[in-house]
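The data blocks that follow each hold one structure.
Two complexes are shown next, each including chain A; its partner changes from chain B in the first to chain C in the second.
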Partner chain A sequence: MLLVTGLALSFLYPLFLAVWPGWVRGRRAYWTAAVPALLFLGCLQAWEQVMQGGMVILDLPWAPSLGVSLTFTLDGLSFLFSLLITGIGTLIFLYASAYMKGYADSARLFGWLGIFMGSMLGLVWSDNVITLFIFWELTSISSFFLIGYYQEDQASRQSARTALAVTGLGGLALLAAGLLIGQETGGYGLAGLQDLQGLLTASPLYPLIAVLVMLAAFTKSAQFPFHFWLPGAMKAPTPVSAYLHSATMVKAGVYLLLRFSPSLGGTEWWTWGLTAAGGITMVYAAWQTLFRTDLKALLAYSTVSALGIMVFMTGWGTEAAIKAAVGFVLVHALYKAPLFLVAGILDKVTGTREVTQLAGWGRALPFTAAAGLLAALSNAGLPPFLGFVGKDLVYEALLAQGNSVALWGMALAFVTNVLLLWAGLQAGLRPFAGKPAPGSGRPLSPGAWLWGPPLLLALLGLVAGCWPSWPGNWLVTPALRVTGFPGREAALALWHGYGPVLALSAATLLSGALLAVFIQPSATRSQRWMRWERIAPEAVVHAGYRVFSTAATRITRLLQNGYLRHYVFAVTLFLLVVTAIQLVPLLADGQLPYRIAAVTVYEVMILVMMAASIGFTVFTRSRLVAVASLGVTGYAICLLFVFYSAPDLAMTQFTIDTLTVILFVLVVFRLPRYLTFSTPAIRWRDGIQALAFGAVIFLLILAVLAEPVTREVGDYYARNAYLLAKGKNVVNVILVDFRGLDTLVEISVLAVAAIGVFGLLKLRLKPTEWPEK
Partner chain B sequence: MNKLILRTASRYLLPLLLLFAVFILLRGHYLPGGGFVGGLVAAIAFVLHAFAHGLRTTRHLLRIHPGYLMPAGLALAIGSGLLPVLARGRPFLTGIWHPEPLAVIGGIGTPLFFDLGVFLVVIGASLTILFTISETR
Partner chain C sequence: MEVLLALMTGLLYAAGLYLMLRRSMVKLIIGLVLLGNGANLLIFLLGRIVKGAPPIIRADANVLTGLYADPVPQALILTAIVISFGLQSFAIILFKRAYKVLDTDDLDQMRDTDDL
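Presenting the complex of A and B:
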């Protein structure tokens, strides 16, 4: 119950902030962290049930006819992610309260952070592919707003758009995969999906499903070639980068792969897809860090690389490999989030994020330096930090494979780890070591709320590394059970004995340290490398985006030229052509019924009336006459409805026509005298088009008559109108009861249209509000 | 144009037409009619009044901007749909009826309130559009 309340709260809190944004200005802002803290405690409380195999948080039927239910469960895997989301979330909220002090609209940041946290929890708790998709998209959307938080900055907006485009694409792939899985297995539930592994992997649709799931995971977790949105996302405020783009959201893709690994894994497609993408990503991104001098960009690429390691390990699919992936999720969160937070403090205090310009800040910022150092050492994989345990898991799993492919993988992992070690030292150690740059005075102390959270996280990495059996037994083993492995006790250990793994670890440390001594981040190298960016995936996508946007602008200029007569012309012409293509062959084949029932004298009279009034409308020189005769046409149609026993329709048409005439008259009074805008040629063209359109509609009605009539629906309504809905007027019963939802939407549309008219005509912008030219 | 006749007539026609609109609304359950037509008739009644007495007088008569009728109607329609969910645990928009029909009005149930919501939205939307257009210069 605590968890459901917390989830609801994380969505309601932003609403509260929207009404009262002043709440988070000042000291009260720290109370914001109560929401994630509450959820964190709720998750901890559920620990015992998770150990016994998971628990159901909420089970509500949502759309039972579609097999979609709002079911939230907490099992080992989601438990690990929930603790990361809420635990790191609590610290991030505290940090952000101090970091965003002085920003007028910090409420917007906290609101979206709350929505993000709620959707992320919904994502990992979802026991249903459809709800999983919905929360998946919600995280993308909240990420979009958070990346674009500095909305007056054009680069921010551009990055936000790129991120949304890439992750949104993946979301669509996830929906498609979910629908295909539902089609194959007959349900959308995730629980018990691993029992259907045989069915799924044998299905002819399996390759498609696997590729779609991978596409979703790779876009979200920034795998090559979709990785570029993540470095761009660093335009967000630093707490957001630490939370979304390093510790939690980007791991949603890894979560998805782990979740589907028992049901979709174990095939060539899966293994090769994941190991190839993960392998390329981890080396490519780690290599990129050598050429970054901006702290956040450096960390972003090292995050991409770490995500690559997780995907790579998940791909192997053995128990040891999955263990390494799950373990690395935890390890990475505990050192990468503090590194980001430290970078944020440096940025705030010193005003720069350029690694080349930062040195010697250790004395002035002792606690920040301690956090950075601890995190960098954990990242380096120095014993007894948790990073050491994580690195060992990777090497161990790859060695256990014992084939040549795994040895190549090992080489890749080694290179990646060395480069990542280098990156970690640049971010966590370099700004604090050495002599302070001349002229940099003693800065303002950042305050405990800023250095506390990263220090706490980094210390946790040390403590967990000293006693690795705790996180091993409580977090990693339960998560492993979910992925289909028994998950033995003592999943993590610091000491693996002397052997190749230890040798590899030592070699990694040594090489990384040597690299750090000989290679310094340099702006010139970074600039030299930048010319290759032209052929990077990012540049290709941006070029495509420019082409797309130019084409869209041209098409819009062509179609949306502001003349109503052009719109009417284009719309009717389109309909005319599309319908004619379908109907004219039918006419030629003689499939349309030509025999028409006997015509009564009333009908002839109405037709004459209609024809006459249309003639008046078209040929009159007076607007008032045109409007009035248009009304006569409408009334004639009403009469037709009456003759064909549709009194409801006739009444409505009658009142509508009356109002239309009134409306026209109101407008006519304000218009200048009749002017001729069009040339005779254009009028001929329009006349011919109008006649052709009428003819096509006539053919359409004939074609409808030719279709065999299905009376089922109509009969159902007629029979049940009184029995079920207690009404005798079937038309009205359908409107307000049987299809009430349609009516509800229709009246909403009506209201929106009225507001639109009101807004268009009444809006008077002040000169300051005019759009920029 | 001498509008004396129109003025006098419209003064009496307005309540009559509004009554007629409500009549159509209630009648819709068993016979042709309903909220949509009823709303349009009511809108015509006000427009007629505006023609005779000027927009300002009609606005004064209405007291509130007709636009406010739209959210009110939408809320009524959604509320009548939510009532079965909250009270009986039935799906959204399930009809619930009072067992005994009332005098004059007839059967009382959530669909009637739904129709009343439609009625209000139609009045609000059509009057908003008409008033806005006739005020603009």
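Presenting the complex of A and C:
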């Protein structure tokens, strides 16, 4: 119940902020952290039930006919993520309260952070593919608004759009995958899905489902070639980068893969897909860090690389590998978030994030430096930090595979770890070491609210590393159970004994340290590298986007060019082609009734008169003749109505036709002759199109006349006109009685037209309103 | 006879469309009127035509019997005639005003207000 309240709170809190944005300004701002803190305590309190195998938080039928229910459960895997979301969330909220001080609309940031937190919790608690999808999209949307928080900055808006486009694409893939799974298994529930693993993997749709799930996970977790939105997302305020784009949201993809691993995993598709994407991503992104000098860009690429490691390990699917992936989720959150927060402090205090310009700040910012150092050492995998444990898990799992593919994977992981170690040292150590640059005076102290959260997180990484059995037993083992493994006790350990794993760890440390000594971040190197960016996935996507938008502009110019006659031409041409495709085969069949039977002389005379007057209307060069022959056409139709049993129509047509002609004559009789505006070629083109359209209408009528007719409605009125409405003229009765309301509305239309006519006639323009001649 | 009437409807549509594709505003309005007439005739034909049997109940009867024209299309067309009159009269008066102010019948010169 506490959790439901908390979830509701995190969605209601933004509403509260919308009404009272002043709440997060000034000292009161620190209270915003109460929302995530409350949820954190709520999750902790559920610990006992989680250890016993999970608990149902809420179970509400939502759309029972579709098999969609609002079911939220908290099991081992979601417990780990919930603690990360709410725990790191609390610290981020505190940090952001200090970081955003002085921003007028910080309420907007906290509002979206609240929505994000609620959605992310909903995502990891969802026990239903459809609700999972909805919360998945909600995290994408809140991420969009947070990346674009600096609305006035065009680059921010651009990055936000790119991120939304990429993650939104993945969201659609997730929905498609969910629907296919529902079609195969007959339900959308996640619980018990692992029992259907055989059914799912044997299905002919399995490759499609697997690819769609992977697409969703890879876009969210920024895997190559979809990784480019994440470095772009660094346009967001730093608390957002640390929270969404490092610690929580980007891990939603990993969460999805872990969640589906027992039900979809264990196949060639799954193993190869995940290991290939993860392997490429981890090496590619780690390599990219060498060429970044912006602290946040450097950290973004190292985050992408770390996500690559998690996906890579999930792909192997063994107990040790999954344990490494789950462990790495925790390890990474504890060191990467502080590194981001430290970068934010440096940015705020020194005004730059260029790592080449930062040195010697350790003396001025001792606590920040401590946080950075601790996080960098955990990242480096130095014992007894938790990072050491995490790295060992990776090596151990790969070694246990014992085949040549895994050995290649091991080589990739080694290279990645060395490069990541280098990146961590640049971000956490380099800005504080060495001599301060000349001229950089003593900065303002950042304050405990800024350096406290990163220091606390980094210390947690140290403490958890010293006693790894605690996070192992309480967080990793329950999560492992969810993914289908028994999960032995003491899942994590600091000391694994002498062996190849220890040697690899030592080699990693040594190589990373040597790399840090010999290779410094350099602006020239990064600039030289930038020319390769032209063929990077991001550039390709943007080029495609430009082509798309240019094409769209051209098509719009072509079709929506503001000339009414072009619209009419395009619309009728389309109609012509579509109808002709249907009608021409009928013509060939000879099923249309061509017979001309029972024609009297006067009918033919009327038709001839009509055809002649139409011809005059079209071809005359005098407006008055055109209007007069228009009147003749109307009278001819009037006569047709008389012959064919429609006296009411005849009367109406006669009246209206007369009125129209009089009105027309009054207006046009003084105008000069027509001018010819168009060339003969255009007139021929229009003439052919018009005749073809008339021919299609002719064929359409014949085709309909060949079909039997139903007169149920007409017969109903004929039977009841007198009995129900006491009228003998059935047409009149329909208009004024059966469909009386329609007629009332019709009269209103006429009234509106009359008001318009009256207004136009009475309008007197002021001299200034006349256009210049 | 239906075939001839169908031909006439097609002719009305063709003439209406051709006039609507012209640049003159008067032709546009005339085209619209012709197209409207064509549409009315189309509905009339599709409801099937009957000679000499209007849908009016005889003075000594309570229901329509025997052969009679379908009253529903007739009611629809009656509505259409009246509505199109509203449209036409408004368009004609609008043209009158536009011509008075702009002194042109050319739709292309009426595309925007600033260039005149």
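Operating definition for what follows: the second predicted complex is superposed on the first by the 555 of 773 C-alpha atoms of A that agree within 3 Å, B and C clash if a C-alpha of one lies under 4 Å from a C-alpha of the other, contacts with A are read in each partner's own complex, and residues count from 1 in each chain.
Here is the rule we use: a residue touches a chain if its C-beta (ideal position, glycine included) is under 8 Å from a C-beta of that chain, and two chains touch if they have at least 3 such contacts.
The model shown is predicted, which means the values in this text are computed figures rather than measured ones.
Once chain A of one complex is fitted onto chain A of the other, the partner contacts of A:16 are absent, as it touches neither chain B nor chain C.
Of the two partners chain B and chain C, more residues of chain A are touched by C.
After overlaying the two complexes on the shared chain, residue contacts for A:762 are found with chain B alone; chain C is out of touch.
By the document's definition of touching, neither partner reaches A:150: not chain B, not chain C.
Of the two partner chains, chain B is the only one touched by A:736; chain C is not. Of the two partner chains placed by the overlay, neither chain B nor chain C lies in contact with A:449.
Once chain A of one complex is fitted onto chain A of the other, the partner contacts of A:47 are absent, as it touches neither chain B nor chain C.
In the superposition on chain A, A:693 contacts chain C only, with no contact to chain B. Contacts of A:616 after superposition: neither chain B nor chain C is touched. Of the two partner chains, chain B is the only one touched by A:658; chain C is not.
Shared contact residues on chain A (touching chain B in one structure, chain C in the other): 647-648, 652, 656, 659, 663, 667, 728-729, 731, 735, 743, 750, 753-754, 757, 761. In the complex of the two chains, the chain B residues touching chain A come out as 24, 28-37, 40-41, 43-44, 47, 51, 67, 70-71, 73-74, 77-78, 81, 92-93, 95, 97, 107, 109, 111-112, 114-115, 117-118, 121-122, 124-126, 128-130, 132-137.
Across the complex, chain A meets chain C through its residues 562-565, 568-569, 572, 593-599, 603-604, 607, 610-611, 614, 617-618, 623, 626-627, 630, 633-634, 637, 640-641, 643-649, 652-653, 656, 659-660, 663-664, 667-668, 671, 674-675, 677-678, 686-687, 689-691, 693-698, 701-702, 704-705, 709, 711, 713-714, 717-719, 721-723, 728-731, 734-735, 739, 742-743, 746, 749-750, 752-754, 756-757, 760-761, 763, 765, 770-773. Of all residues in chain C, those touching chain A in their complex are 1-15, 17-24, 26-30, 33-34, 37-38, 40-42, 44-59, 61-64, 68-72, 74-75, 77-79, 81-90, 92-97, 99, 101-103, 105-108, 111, 113, 116. Here chain A touches chain B in the complex through residues 647-648, 651-652, 655-656, 658-659, 662-663, 666-667, 670, 724-729, 731-733, 735-737, 740-741, 743-744, 747-748, 750-751, 753-755, 757-758, 761-762, going by the rule given at the top.
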